[in-house]
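Letters A, B, C and D name the chains as they come in the text, with residue numbers starting at 1 for each one.
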Amino acid sequence: MKKNIEIKIRGYHLDFYGHVNNARYLEFLEEARWEAYGTVINSDFFKKNGISFIVVNININYRIPATIDQNIIIESSIKKVGNKSITVYQNIILKETGKTTADADVTCVLIDKAGKPVAITEELKDMFC
Amino acid sequence: MKKNIEIKIRGYHLDFYGHVNNARYLEFLEEARWEAYGTVINSDFFKKNGISFIVVNININYRIPATIDQNIIIESSIKKVGNKSITVYQNIILKETGKTTADADVTCVLIDKAGKPVAITEELKDMFC
Amino acid sequence: MKKNIEIKIRGYHLDFYGHVNNARYLEFLEEARWEAYGTVINSDFFKKNGISFIVVNININYRIPATIDQNIIIESSIKKVGNKSITVYQNIILKETGKTTADADVTCVLIDKAGKPVAITEELKDMFC
Amino acid sequence: MKKNIEIKIRGYHLDFYGHVNNARYLEFLEEARWEAYGTVINSDFFKKNGISFIVVNININYRIPATIDQNIIIESSIKKVGNKSITVYQNIILKETGKTTADADVTCVLIDKAGKPVAITEELKDMFC
């Protein structure tokens, strides 16, 4: 069970339509992933083995607009672990109503210093889940 | 056939990894859609009928990092027109090599003043294609 | 005495140089102003009188780079109240060392519905200080 | 005489107020500086001597809001060359009216590999002016 984060929507998050801009949502997702998995990413194990991760796909649904002064909660959880990729499901909820404003599958691969994909072992899997 | 756009990658587009940040790509895509379809969106037909559009899904693949001083070209084309949605395929190419740095399907719906989805008639379809 | 805010620097805040980008600092400052003065700006008094504020000048010094995983604290305080403008001093401190990474004077004017400047009365001054 | 740049204002440049957000202006200024001085910054002379530059102060006036579908032109010129700093004046003009939407003094210092300020010699001065 990973930490959720809460963000208050400000004027500078919005765009012409008065809603959170779709690029900004990706920053919110990245913020939430660092909060949920930063400890793993910055762990000695990762550093020692020169492992970093890269995002290879984001599939995001924009469901209900979010606007100024609303609070959103971002939940992050591991959806799927493959041999070489991990998919994180992130759900962005309007705090007041509990409804999803946007949700996304974010697929990452781990790479070594040479940029080669790293196999997701049970040990690695356990660190994320 | 719609207009492509070209963007030169600057230092402020990058993040910690020295690559264009994944949120920034969505701004590039939005810029390219305005260039390709802005004339339609701002047309009298749209204004008269109070039609606007909203993005409901973005599915983006990050394939090869883009970095400072590279030029990227963004191509936009209609991939699929449904009864109530239009999917634009956007391909972001590194100009020097012709390789795709990222590509995305962006699905939009048209809505009327009341926020109700508008059926994509042949007339509307022709305006985009 | 107004509320300070704390932000953890993430990879997406940085640019090519590996430091927080200078545009991003302005978002941090805006976030801090909303936290410090949002209650006033959103007060019934402001709403009833149709008052909003606009930033007319930002004078920011970039003193020491801030980078990934550092925590910054942003203090906001009223520096000067004129007849028609308010200057907020904002100091961004590296939490670990207490040193200033950047600081800024941000000058705002209050405007009415017609966009005309509103005189800063004692009543208004008291709301901010 | 340096190259000006032109940018078309898009929906994602705006914020809650329907105007270009004040942080975004700093990205526009950075874009314009790269266009005007990128050739110098990326020159062999700079590379050979390990010189880079950092922005130490931005003093920006927000004069008239800029909004969607307007075109802005950004002019950059050297305002002042000191012993250890260069101040660039950047004027952002609404193309249609010729009026200034925002203008800024941007002060930079050149630093060597060790992060020490580099004296601005006549040779360096000539490269920028």
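Note that contacts are C-beta pairs under 8 Å (C-beta built on N, C-alpha and C of every residue); 3 or more make two chains touch, one makes a residue touch a chain.
These numbers were taken from a predicted model, which means no experiment stands behind them.
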{"item": "Greatest separation from subunit A - chain, by CA centre", "value": "D"}
{"item": "Comparison of A-D and C-D by number of C-beta pairs in contact, larger one", "value": "C-D"}
{"item": "Geometric centre distance via CA averages, subunit D-subunit B, whole Å", "value": "28"}
{"item": "Centroid spacing, where centroids are CA-atom means, of subunit A and subunit D in whole angstrom", "value": "34"}
{"item": "Intercentroid distance (Cα basis), subunit D paired with subunit C, Å", "value": "22"}
{"item": "Multi-chain contact residues (two or more partners), subunit C", "value": "10-12, 17, 23, 27, 30"}
{"item": "Interfacial residue positions of subunit B with respect to subunit A in the complex", "value": "17, 22-24, 26-27, 30, 52, 54-63"}
{"item": "Interfacial residue positions of subunit D with respect to subunit B in the complex", "value": "8, 10-12, 27, 30-31, 34, 42, 69"}
{"item": "Interface residues, subunit A side, partner subunit D - complex", "value": "10-18, 21, 23, 68"}
